[in-house]
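As written, the chain order gives the labels A, B, C and D, with residue 1 at the start of each chain.
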Amino acid sequence: MSGVWGEYLKLSIFGESHGSGVGIVVNGLPAGIELDLDMIDKEMARRMPGKTRLATPRQEQDKYELVGGYFNGKTTGSPLCCMIWNRDQKSQDYEDIKGIVRPSHADFTARLKHSGCNDYRGGGHFSGRLTAPLVFVGAIAKQLLGMKGIVIGSHILSIGDVQEESFDLRNVGSEQLKELTEKEFPVIVEDIAAEMKKRILDAKQDEDSVGGVVETAVVQLPVGLGSPFFDSTESKIAHVLFSIPAVKGVEFGVGFEIAKMKGSEANDQFVLEENEIKTISNNNGGILGGITNGMPLVFRTAFKPTPSIGKVQRTVDIDKMEEVEISIKGRHDPCIVPRAVPVVEAAAALALLDLMIEKEGTGWMS
Amino acid sequence: MSGVWGEYLKLSIFGESHGSGVGIVVNGLPAGIELDLDMIDKEMARRMPGKTRLATPRQEQDKYELVGGYFNGKTTGSPLCCMIWNRDQKSQDYEDIKGIVRPSHADFTARLKHSGCNDYRGGGHFSGRLTAPLVFVGAIAKQLLGMKGIVIGSHILSIGDVQEESFDLRNVGSEQLKELTEKEFPVIVEDIAAEMKKRILDAKQDEDSVGGVVETAVVQLPVGLGSPFFDSTESKIAHVLFSIPAVKGVEFGVGFEIAKMKGSEANDQFVLEENEIKTISNNNGGILGGITNGMPLVFRTAFKPTPSIGKVQRTVDIDKMEEVEISIKGRHDPCIVPRAVPVVEAAAALALLDLMIEKEGTGWMS
Amino acid sequence: MSGVWGEYLKLSIFGESHGSGVGIVVNGLPAGIELDLDMIDKEMARRMPGKTRLATPRQEQDKYELVGGYFNGKTTGSPLCCMIWNRDQKSQDYEDIKGIVRPSHADFTARLKHSGCNDYRGGGHFSGRLTAPLVFVGAIAKQLLGMKGIVIGSHILSIGDVQEESFDLRNVGSEQLKELTEKEFPVIVEDIAAEMKKRILDAKQDEDSVGGVVETAVVQLPVGLGSPFFDSTESKIAHVLFSIPAVKGVEFGVGFEIAKMKGSEANDQFVLEENEIKTISNNNGGILGGITNGMPLVFRTAFKPTPSIGKVQRTVDIDKMEEVEISIKGRHDPCIVPRAVPVVEAAAALALLDLMIEKEGTGWMS
Amino acid sequence: MSGVWGEYLKLSIFGESHGSGVGIVVNGLPAGIELDLDMIDKEMARRMPGKTRLATPRQEQDKYELVGGYFNGKTTGSPLCCMIWNRDQKSQDYEDIKGIVRPSHADFTARLKHSGCNDYRGGGHFSGRLTAPLVFVGAIAKQLLGMKGIVIGSHILSIGDVQEESFDLRNVGSEQLKELTEKEFPVIVEDIAAEMKKRILDAKQDEDSVGGVVETAVVQLPVGLGSPFFDSTESKIAHVLFSIPAVKGVEFGVGFEIAKMKGSEANDQFVLEENEIKTISNNNGGILGGITNGMPLVFRTAFKPTPSIGKVQRTVDIDKMEEVEISIKGRHDPCIVPRAVPVVEAAAALALLDLMIEKEGTGWMS
């Protein structure tokens, strides 16, 4: 079923980009959690558009309203509903191209799946705007995981062909991750940030767009989250990641590189360090047999370039069934990757919190 | 929850590698399906060990018994249970190394997660043997998808550093896929097969192992399978794939390569061909906005090298909490990839059948 | 999990009686359904308070807003969210008795379950007001079932000790059910209505309340809805019914009476009528082996008296842990039964629609 | 979906009465539970046929085999599968009446739902034999609840028109419940047992059958199990109960009687007893707002008379579409109620364990 996700934590997402708003209902949070509203605001600001020249100038306010489940500063134990009202839509931008399916967007598939009844304005329910409620609830998940010392952080590994170094899979730590979270454009090597930004602005200049890869690490996870068939930690995280618009690849540890290795190179051999069992390397990215092993969990998420570009493209007017040309002039991100970072982290936080509740219940949260 | 998967088709998997057997219960199949037992046998034979020098010499018979849901040659509409009894286990092989966690295996995580109560013999519930029931039910899914003309096929894209060409993402067709399914070692360019096999035998010779990548295509899918949040076609397929032991990466279309592209390169522009809407390229691998668009669905799955190797490795004896060396002498596949091909296809078939039932119900099956 | 229900149709309910509003998200409706807004309004009006002296004088407007999933007069195929804003709350009524748990209400259990963090005003999430969104989505379910000719109707079988005749289990028909739906106080024998109303007004006069039983029939159901273990038609309907506040008993067909019968009396023998298979009697209430058999589905739902009464009662002030007396002076229904009728029907409609989608998919809806 | 139940504990049931066997897969049990096999045997013996003249003389052995999830005397944390092989079937008994649908059985509905492909022998998947695996896993649930001091017990409240006294809703205790569990024919007042048995033997003598009511109590439950919409404690228990063949009514506390009461009579007023909050009466049967309140949970389950009777009945031969007479001569229980007692308790234990895991996780089990 489309809009419902989770086993122990259950989310129900709804809304459209140009309707009255978007929102999410969260089941499974116990009573008594003091929501860290500042932290939620901060996370939502990371995703928010309109901040820099690198992103769309749309001024979405992303102010949320809690319609249930929150009382006197704490969760009530009943379903929590977060509404985010829409404000800065310009729906007429889309009326003109209603029959013209934008390449690489969901216009074509949404229209055929829903027999032409989908809300086509701004991508409707398929809009990246639906990631706003995800970041809201992801922030709560991060707060809760933080109570266990778990830290999630990411950097932009690549924009187009500009790539920086990967995390040190074995030794990435919470300090580095926290620092990255504070950065507006999170990279490890600052010099590369300028080059990446240049790629984005060049693409913007060319009325084009560019893709990139986000690398994420989660540290201080307990051993024992996840299962083999069918809810491996990889399965849980990848499931949510692949529902984020524009994601086309997900890999854990060294990922696709591991396929080129020999067992003697790839295997993470065990050693004792101060009476704790660690691995010498971390090619498996902190997961063995679908279960976290206590080493840093590291994964990479590939984003395609923003489909909306000003450059002329061929497409079809589906109402007239004739070929046309399209040049998309709206206010679009030339690169979605910087704003996608908190969304990726939200996805991981939600998947891990779901596994955490499976393992430890909810008693520790309040 | 570990062992249950699916929305419309619901699977419940169980069993251990060295217990009395493994099995699966399937809910959601309507009455009246004449199971194609020959096709099931063929699929299970593709996964079966003991066939060539490339694989483990274990002689698992993989004969299955249907304990419910099948009567007079047809499904009854009640839950279908497939039991596969174990026969050729040598459990004492494992007794000796009970406390010694094998690197890159689930021994360590299973033991900690399950407080030492897991069945450690041959990996227990974490064994690749659990993929046998998956292939059984995947064969049924393939048969049913075949009734709609849908064809699934794969080739071994790489073994270690030996790589062959990818599918033609836009034009891969059912004939090519069917031919690949007939091959014992499915590659497009036969010459490369020899080289790949050599890599495997070299690894075996060295008491080592090697990884690889499987590339899979599904053609003649209807437009409209899948959803955006949270059950995109990518999410559904990746969820099952990542529960297969040894999978560390999954990508769709051009996958991670798309992150290096500009929008003008990556976007799949639409054209009319004989009054049907097609895309000029297929970088998105047949999925837009989480929904199938009628173009070939193509994805790649990265497998790590078999963790069991004869080469000496460092590890820890968890009972004594001391470092030890280990050389794994059992009968192991030097490369899991050839036997993994039908497992990958089963995963895809199951995910797609689940989405198919969501879209079209089950009335068309019998 | 509390707030999510359904397999093929998935509901997520939220909100509190004295917060900003209540609502529901509906997943599983296909695109293109023209919602019958008049019929929805009518159903919601049946539940609405403030209409007669028999009910609470609270003026809830129950105006709903569709926040997603509805566009140009039709469902879009994306999640449908219905918000109902609160307006006529008098929260200070409850502040005074915050620590004093009202007998037979959820105050005590909600408080202990949620560690005192529940929204206690007006019952919060436990309020009967949560049935408003249920009636909204139940009206849609009724509309859809109606497309298959299925009709649901109910009468008030008893108020306190005043009881009227039961439906003719075998012959109850759609005309009778439709007529009952039009009645403000639905009974079969009008004379008894006056007596029932008198019981309610007497209870009101005495600052007391009274319970009752609703009997519901569903006709023109297809044969074949439901399953044996674990989703019998009885299980599905009873599950939703027992989540309605104040329901303490549910029975199908002749219900508890069947336990007193001999097999030769209870068995519904089969006959041929105009080449269709019917049963002579319908003691099983249209369900055999958990599956509908084409005869009228009939069930009864027992409601307890409204817990809120003016009469002095003993209770405990949980903050001070001391015994106190309480006389509840708010604006309460002296009998919940008349307003519960559309809620019971909504519950049945939702359970049956879920089973209908399992059997026939969603293709027939639009 | 038919055969899968549960949120935190997930069951998957399968098999047929006259196939090779029946079974169940249990997910959600943590590792390290030492199963009390004696207690399991005892529970299964309570359900077993062939013991007295009151029941069918069929000699089902009900010996179970654990196919996964159990190792060295403990659960492993992986799915537990229990197989119960069939032995004493006489399938030809049923071949003769294959087209003749037995009144009040599932023959008619199963056949139409499953297009004639159902296994019709002995009721197939619709047989009461499917309750054997339920009792198996119910015994485990009882054992686990017992670790928290929770005790479940039942008595036969009525057989036909012979009724004994109800439990004292407020004061029923664990000693009384344990005593009842030890009885072969559990009643509170021994004298009435003889009369009840006579009703059963009279029915048997007359080639007829008789129904009855089981009353069940659960004591020492914690406050706080269950939720309002949609998983009230009543909903959870009733859902499983109504999937047991022959159940037609379920009520909690005083049940349908509460509908006749005034609020001032029905409300369970709170008092302090040794600094604990109790209710003076327990008309709500230990549940308020869907949540357990710490008082005894009491419910009643109505069973219809065994449909299989020797007495001549009218029915239809569905193959020939002609009316026929039928006299069912197999070995059937003249009354299912005594053997149903452990099944009812298993249903309650499973529903309550699921809620218990939701509330407290699984850490306390091993």
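Note that in this section contacts are C-beta pairs under 8 Å (C-beta built on N, C-alpha and C of every residue); 3 or more make two chains touch, one makes a residue touch a chain.
What you see is a predicted model; the values in this text were computed from it and never measured.
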item: Contact-richer chain pair [A-D vs A-B]; value: A-B
item: Centroid comparison with chain B (C-alpha atoms), farthest chain; value: C
item: Chain B and chain C: spacing of chain centres that average the CA atoms, whole Å; value: 46
item: Distance between the centres, which are taken as Cα means, of chain B and chain A, whole angstrom; value: 26
item: Averaged-CA centre spacing for the pair chain D and chain A, given as whole angstrom; value: 46
item: Per-residue overlap in chain B, given as positions that touch at least 2 other chains; value: 1-4, 8, 13, 78, 113, 125, 228
item: Chain D - residues contacting chain C, complex; value: 1-5, 7, 11, 13, 101, 103-106, 108-110, 112-113, 125-126, 130, 134, 158, 160-161, 203, 206, 208-213, 223-224, 227-232, 234-236, 238-243, 245, 247-256, 258-272, 275, 277, 279-280, 283-285, 287-293, 300, 302-309, 311, 313-316, 318, 321-323, 358
item: Contact footprint of chain D on chain B as seen in their complex; value: 1-4, 8, 10, 12-16, 19-23, 25, 27-28, 30-32, 65, 67-69, 71-72, 74-81, 83, 113-119, 124-125, 366
item: Residues of chain B touching chain C in the complex; value: 8, 78, 228, 357, 359-363
